[in-house]
Amino acid sequence: MLETVLCGVTMKSPVIAASGTFGFGLEYANYLDLNTVGAISVKGLSLKPRRGNDGRRICETPSGMLNCIGLENPGVESFINDILPQLSTYDVPIMANISGSDIEEYGKMAALLDIEGIDFLEVNISCPNVKNGCLAFGVDPVSAAQVTRIVKKNTHKPVIVKLTPNVTDIVSVAVAVEAAGADGISLINTLLGMAIDVDTWQPFMGNRFGGLSGPAVKPVAVRMVYQAAQAVHIPVIGMGGIMSGRDAAEFMLAGASAVSVGTATLCSPTAIVDITKELEQYGQGKGLVNIGEIVGQCK
Amino acid sequence: MLETVLCGVTMKSPVIAASGTFGFGLEYANYLDLNTVGAISVKGLSLKPRRGNDGRRICETPSGMLNCIGLENPGVESFINDILPQLSTYDVPIMANISGSDIEEYGKMAALLDIEGIDFLEVNISCPNVKNGCLAFGVDPVSAAQVTRIVKKNTHKPVIVKLTPNVTDIVSVAVAVEAAGADGISLINTLLGMAIDVDTWQPFMGNRFGGLSGPAVKPVAVRMVYQAAQAVHIPVIGMGGIMSGRDAAEFMLAGASAVSVGTATLCSPTAIVDITKELEQYGQGKGLVNIGEIVGQCK
Amino acid sequence: MTGIKQIGTIIYNEPVAQSVYKMVVNAPDIAKAAVPGTFVHFGLMQDSSHILRRPISLAETDIEKGTITIIYRLAGEGTTCMSQLSAGQVIDCLGPLGRGFTPSDKPVILIGGGVGVAPLLFLASKLKKENVTVIIGGKTASELFWTDMFDVQKIVTTTDDGSAGKKGVAADVLAELIQSTGAAIVYTCGPTPMVKKVAEIAKACRISCEVSLEAYMGCGTGGCLGCVIDGRGGKRYKVCHDGPVFDAEEVFFRA
Amino acid sequence: MTGIKQIGTIIYNEPVAQSVYKMVVNAPDIAKAAVPGTFVHFGLMQDSSHILRRPISLAETDIEKGTITIIYRLAGEGTTCMSQLSAGQVIDCLGPLGRGFTPSDKPVILIGGGVGVAPLLFLASKLKKENVTVIIGGKTASELFWTDMFDVQKIVTTTDDGSAGKKGVAADVLAELIQSTGAAIVYTCGPTPMVKKVAEIAKACRISCEVSLEAYMGCGTGGCLGCVIDGRGGKRYKVCHDGPVFDAEEVFFRA
């Protein structure tokens, strides 16, 4: 029912652990069987280690949350040497989620990660939480295409470009990265948001702004997935507020070939497997042979 | 405590009834004392009467809602002849919220509404729910400025330009309309969204897409109000998900001189007066003389 | 009507049939003001992610006890939320809203299907018993639990599968009963295909027909234009304010 | 620790002081696995707009009865939600999470302020009574309700306003008690200024100090990096996973 081939990679289900909310996967090995996850997109990697932001990094908002982790990670090398070998003991496709502070860094990271054990590259051109960071690449079709091209040149892996919703026209960015050679796109990253403590008159977030995720953003995410899927011919990975199998189905109906689950894992560590089961039940209830039959069925 | 002067107009409170959720005000005369409302922004007007969209127009989403009313309204003339005289019996500032299908229409409407009984024009360049409609003007700083200029040329009233959040860079639009002569800006209008019925595989909304409003969007709205208020020198009216006096205070701390309450009125017809009271209590609790003291205090 | 907002205490909230609940709420001001066909817009205070109210027709009121009664079907998250409330908990009520049925002192027919029967219960209680014939249609016998709740002259039932009453749909028996009772008006509420058919039969029999409609609602108070439907002559009606009860001529025969 | 997810039935949930509640939940697997200093991450199932869990330290467990006890202060919407649940209702528990206190069989001092006293209760119950001295600080007498809950050798209390115990802050009496009891370790939990001061005094007295910290949390399970704080030598620690209990040296004296 759930088996899915995404950019040539066979996954046991179309439900992917989104980057940043599932650590490096290993943190969840005691909570669920990692071998049953569709794919794991690891915490966003940068070329050098990053300490992330100071101050408060998480804040709840109505049916959503803000985060400004700021890409804390041990850097690509430590990932490859210390973490990937452990991950490779599991039978689950790995997506390396990468963020560069300039275009060259994206190329270098792609080259370093063009190794066994990595199944996809997910190119984050949309993180709102780092200064002079990658969000800038994602809001402009030209620079988005440049990043895509340099990554493609440096890797043999399928390249998924992760788009930001903080744009006027998602279609122009989607079309630009497709033309630049992307093998797939994923969306949405978080919406730029802010919360203010009305008692202290200070921003809640250490970084002032944060990225909004969770059920609150789902209508925006579904709309953008729908628009992007209508415009491109490469597979789309949909995400933004998926909390249930029916939410996953909604994104697939909008045109997503696979989905990612982010914030839901913060609500429950077993969210991904729960959602996977619910999606399977949904498919059975609708008499499907494979869940892929619903992709793009909402016209 | 609450008295506020906005673009030269004195209001009893900074809490305004947002356009589209308070009808023409008269619908609520039995629920609350219209004379206590800060100002009323009437349902969006077009030059000619509009029937609005067919099919389902409202859909609940997590902590939010989608609407695709499609600017159903009796047209400016009927508003002036049939509705305004009734509204004028109340002692409350009236904001005429106008949408044109081309730039000339904005000018014509501004001229027609340059009459007694109207206190502000709110220029909607951001309605996401009408085809070849006004959203297009709002996403581009150049056309946003053009609309602003033609309206200014045709009216003696203070001109508030209502911005859409569906843009990459809210600051560039805010700055452009300020330079074009706007006396104030209001934001946010709704975020473009979509919901799909996973049983019927059809979009929930008659118009496929709808505008997202309510608490779900508040973090995005606060962020945009903050960014815009830092960039312009004209007053900002903040809105998007205000459900309580503390929410109203959050927007004022972000830089809003006044706030509008939209969706909350759908939750409770007395929301505006309830929020006004809570804002007063908040101000008293903080030992303020006038609520205006908190405007922009979150740096 | 201008509704009254009351936080009412729930007195009773139990299933009356598969996926159908009856709730009794203490809301004296609403009970006093209500007329048949009007509805109450319920706020789901316990779960703040559900920001919109849910409209439910009044099925009964008791002015002395100060209570209102509704009968509702579990349709989705909102009604499921409502069904989880227990006696003693509170619910946010806004009502009565809308325009109700026009009562008649002539012989009348009330014809409903599904939870559309609920407002007809209230209407029947305000009419002269001997004037009222009720027709209730269901898919199968278990959907006809309503019959016990009516205290009227005559009840006719139909089921799609023939498991109780006459086999067929409610409208099948209407024309005959209009003739035999000499009814002056038909009141109807239920699934759209059913009420349309009812309206056509009433028209063919040249008697009036009032129909209670549903629409997905926002405010319920006329301010948002979320519930608008087409009326005769290109008119737009707000279901929450101009309805939910309409003259069938106005909404179904619009040419 | 790897937490266990259990939907627990609430057995008791009542105020124990102004704005402070005690809740007892049936959650046998969590009770069995818990050690002092670990916490449970509570999901607010009843209101789906609150998507994040709330971390609360364990104040007591009863393996035989299969229950866990927490003591929590009304801090905002989430804890208010929790306080509205009644016995018989359920709550979503994920725990025990984190790294707890390192127990000692030498004389020890437990020093806490505010709801920071809660995890110390659990710790005291696992230590030899005669080894334990507890210091509790509060603003005023009514904040010292904890004293009845401890069954230990000695309890010393302080209040800012002198309305009970010694006038001053808890840390004022610490140095003296370290000396008089010959304590080998100080365990502390409470407001940041307090625990920092405690750690400094312990350091000056050359004994170890374990401190339970708070951070705004996302997952609680180490996956989101939402709760990260600075540690010695430029290290970053996850409060949920590497803590909430830390050696004071690691987190306060980082040079």
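Structure notes:
In order of appearance the chains are A, B, C and D, and numbering begins at 1 in each one.
As a convention for this text, a contact is a pair of C-beta atoms (placed from the backbone, for glycine too) under 8 Å apart; a residue touches a chain by one contact, two chains touch by 3 or more.
Which chain is which protein? Per UniProt: A, B = Dihydroorotate dehydrogenase; C, D = Dihydroorotate dehydrogenase B (NAD(+)), electron transfer subunit.
Fair warning: this is a prediction, and the values are worked out from it, not measured in the lab.
When the partners of chain B are compared with those of chain C, the chains appearing in both lists are A, D.
Summarising the inter-chain layout, the chain whose CA centre lies farthest from the centre of chain B is D. Centres computed as Cα averages put chain C at a distance of 55 Å from chain D.
Chain centres here are Cα averages; for chain A and chain B they lie 34 Å apart. Here the CA centre of chain B is 47 Å from the CA centre of chain D. Shared contact sites, meaning residues of chain B that touch two or more other chains, fall at 62-64, 214-215. Looking at chain D, residues 48-49 sit in touch with two or more other chains.
Of all the residues in chain A, the ones that touch chain C in their complex are 62-63, 215. By the touch rule above, chain D contacts chain C in their complex via residues 46-49.
Against chain D, the residues of chain A that register as touching in their complex are 20-23, 27-28, 30-31, 43, 51-52, 56-60, 62-65, 67, 69, 72, 214-215, 263, 265-270.
Listing the residues of chain A that touch chain B in their complex gives 61-64, 66, 139, 166-169, 191-196, 198, 201-203, 209-210, 212, 214-220, 222-223, 226, 241, 246, 249-250, 253-254, 282, 294, 297-298.
Across the complex, chain C meets chain B through its residues 2-3, 5, 43, 48-53, 78, 94, 216-219, 221-228, 234, 236, 241.
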